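Chain IDs A, B and C follow the sequence of writing; residue 1 opens each chain.
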Amino acid sequence: MELSGLFSYFVFFLSMASVYAVLVLGLNIQWGYTGQLNIGVAAFFAVGAYTTAIVTGPASDNYLGGFGLPFVVGLLLAMVVAGLLALVIGLITVNLRSDYLAIATIGIAEIVRLVLKNEAWLTNGVRGISSIPSPFDELSGITEGLAYLSVLLVVVGGVYWTCERLFRSPWARVLRAIRANEDAVRAAGKNVLLFRVEAFVLGSMFMGLGGALYAHFVGFISPSAFDPMFATFVVWVMLIAGGSGNNRGALLGAVVIWAVWTMSSSMIGVLSDIGLLPDQLATQASALRIFLIGLLLEIILLTRREGLLPERPPKAIDRAD
Amino acid sequence: MSLLTAEELYGGYGGGDILNGVSMHVDAGEIVVIVGPNGAGKSTAMKALFGLVNVRSGRVTFRDEDITRLSPDRIVGRGVCYVPQEANVFPSLSVLENLEMGAFIRKDDYSAQIERVFELFPPLKEKRGQAAGTLSGGQRQMVAIGRALMLDPSVLMLDEPTAGLSPKFIDLIFERIQEVNASGVSILMVEQNARHALSLADRGYVLVLGANRHEDTGPNLLADREVAEMFLGG
Amino acid sequence: MIDFLQIVIYGIVLGSIIALGAIGVSLIFGILRFAHFAHGDLMTLGAYFALAGVAGMSMPMFAAFGLALAATALVAIGIDRALYSRLQQVSPIILLISSVGVALMLRSLVQMIWGPDNQVYEQGITMPWVFAGGLRIQPTQVMIVGGAAGLMLLLHLFLQHTRFGKAMRAMSDNPDLARLSGINTERVVILTWIIAGVLAAAAGIFLGMDTRLHPIMGWKLLLPVFAAAIFGGIGKPYGAVAGALVIGLAQEMSTLVLPAAYKPAVAFALMVIILVWRPTGIFRGKVL
């Protein structure tokens, strides 16, 4: 690959990794800080993406569009709508145990997917929404890519900084206490329900933000882009591989697993070209990648559950709370 | 020769030791009672004998065989059976099925043993088809003991068999335990109803803070003023 | 009226399929104490094993059925030995996450081997039996309900009248006491996977007969299966059957008021209602 091709590949890689990083940071607030098993990441990702697509995208006869709102507004609204969805779900499911919450979130994701596919008046159905504007549409080629990447990196930095500040805050201490001993926290007079809902909503807002960033990056979205395999499963593997409970781990996981994902795709291409991979398997490249990522997850769970960057133990002060 | 012995047991559930050098033994045909204040490690000591607790150092032997590291299901096969204090029946299984589960590892025809359990606890015969979880506390305790008897054990270990029972049932259970003993089963029992338990014991151990404090015959312990003062209040 | 009866029949068929999956999920919950999210894909695997028999090896359907059941049971045991049993000590959550990974792996494996397109066991249309008033019943529907009922009856006999069946129920009640009584818990676990695998495979095959085969056919049923298991009370296989019939009927009857595409949402809604109102299920099962 020539240098410019390699460079643009690198820009693409880092951009997608950044989108995923935002998603993983959001999931970390739910799972890492609060112990909430959200297997419906795809729902909030999709809602964020579609919100921004609808409010910033072009007008259309087929579906609700043409508001032409600016990029930043799209991002913000994505967060708001994802947050609202999370609020509704959170209030209903907040006191469910992890296993039940997990199933409930699968259901949510399914319903969101059904709505996206079937309510074409809103989302244009399976045809998807295209021509989603990016703030750098006037630029071209590598410049556009670089410009957007810098926006992404700024956002990732901001989200990371926010999550780190939160991690050290009294709020997060209460969340950790709830994870350890819910009854004690309730007895101390704190509203456990409220804390849990807050964590769930905040995490989901970041997921919505990730979805919006994705929509503007790719320019086209459809219900199939938010397939649970890509949207939810990969994000989970990223969090576990990187080290759940841990924001640096979240970032690392996003980059490493995304690298595995993209490299495995190239690897499959190469292996197939040199004849080491039967054609039938090569055409199922995406399935093979999922299989390998799944296998990777199992290996991680069996051998190094804490991930690459194990969770930092909470500070001793927690006991005083 | 003692049937079941424990020598200098140190151990606990993980972190710190609960047992600090407990020793005891049960001879054939005896009723041995373990008493002591709350938190003395009485239940823990008995669980250690049965392989349910981590023994850091010390030895447990049964019929001269070292069983310290054996898991409970292996110990059960050797003739030592254990009745936990709580969750000691299978609630959704019938009384009869509970007994059948007690006899799970038996390859022979154990209907005679079932009859013996029914003779010992007549209400169980009547309610043999009823789910154990729907029985009263006292009847559940009968099922729990009955289940442990199905393997015709040489030693029966009971963890607070009369806890939470009405006085009528307490008397009944103690009576039945004596009957079981009379038929040749050695009994090792942790009891909170210390006075009553010691009155039927051959020997007793007083444990305090995970260590032996007193050891004597049942009558002697009952008469001992220090023991009485310490906790025999009731 | 006839339309309503027709829908009821669809509901019973769907309910029978869901029941076979829900029983397995319930048993695994009760004995292994975790939510097996790979169960849907186990169903998919069973369906495709049967396809391999029928299409690949030209076996008659009943032989392929038997083969698929056995093969799926073996795979289930294999996954447990390789994976779940090693994570058993950690936590139910890790087991759940692991089972999500297994689900993805099974699904992608199926897609790699058999391709992503829809497939069927037999080409061509079979004529339904037509009854008074125009009520139509497909022979496959009768086979599915009959087959499911037969399997459930066998399971019932096993659980109530055999030594190991009672041991399974005992372990589900109280695993510690089961161990204390000398019950071979390892063997009970293997039995659990055999039963779960067999029932899941049957469910998958029936689903394939009723609709068609597709790599995500089982995953799409996971939610209704769990909804049924939760509805009937987790850990109570009999409750799961009742829950499955309710979910199946509700899903089909919802087409009277909702667009058909939203059928899965019905199962979900019922499940949420139960979880919020009565988390131990209609028949008061466990709460994990």
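Everything below uses one rule, namely that a residue touches a chain if its C-beta (ideal position, glycine included) is under 8 Å from a C-beta of that chain, and two chains touch if they have at least 3 such contacts.
Computed from a predicted structure; not experimentally measured.
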> What kind of graph do the touching chains make: line, ring, star, complete, other?
Replying inline: line
>> By mean C-alpha position, what chain is farthest away from chain A?
In response: B
>> Per-chain Cα mean versus the mean over all protein Cα atoms: which chain has them closest together?
In response: C
> Taking each chain's centre as the mean position of its Cα atoms, how many Å separate chain A from chain C?
Replying inline: 31
>> Distance between chain A and chain B based on Cα centroids, please, to the nearest Å.
In response: 55
> Any idea how many Å lie between the Cα centroids of chain B and chain C?
Replying inline: 43
> In the complex formed with chain B, which residues of chain C make contact?
Replying inline: 163, 166-167, 169-170, 172-174, 176-185
> Given the complex with chain C, which residues does chain A contribute to the contact?
Replying inline: 37, 39, 92-93, 96-100, 102-104, 106-108, 110-111, 114, 117-118, 229, 233, 236-237, 240, 280-281, 284, 287-288, 290-291, 293-295, 297-298, 301-302, 305
> Considering the complex alone, what residue numbers of chain C touch chain A?
Replying inline: 34-35, 37, 83, 86-87, 90, 92-94, 96-98, 100-102, 104-105, 107-109, 111-112, 115-116, 215, 222-223, 226-227, 230, 259, 261-262, 264-265, 267-268, 271-272, 275-276, 279, 287-288
>> Touching residues of chain B toward chain C in the complex: what are they?
In response: 50, 71-73, 76-77, 82, 84, 87-93, 97, 100-102, 104-105, 147, 151
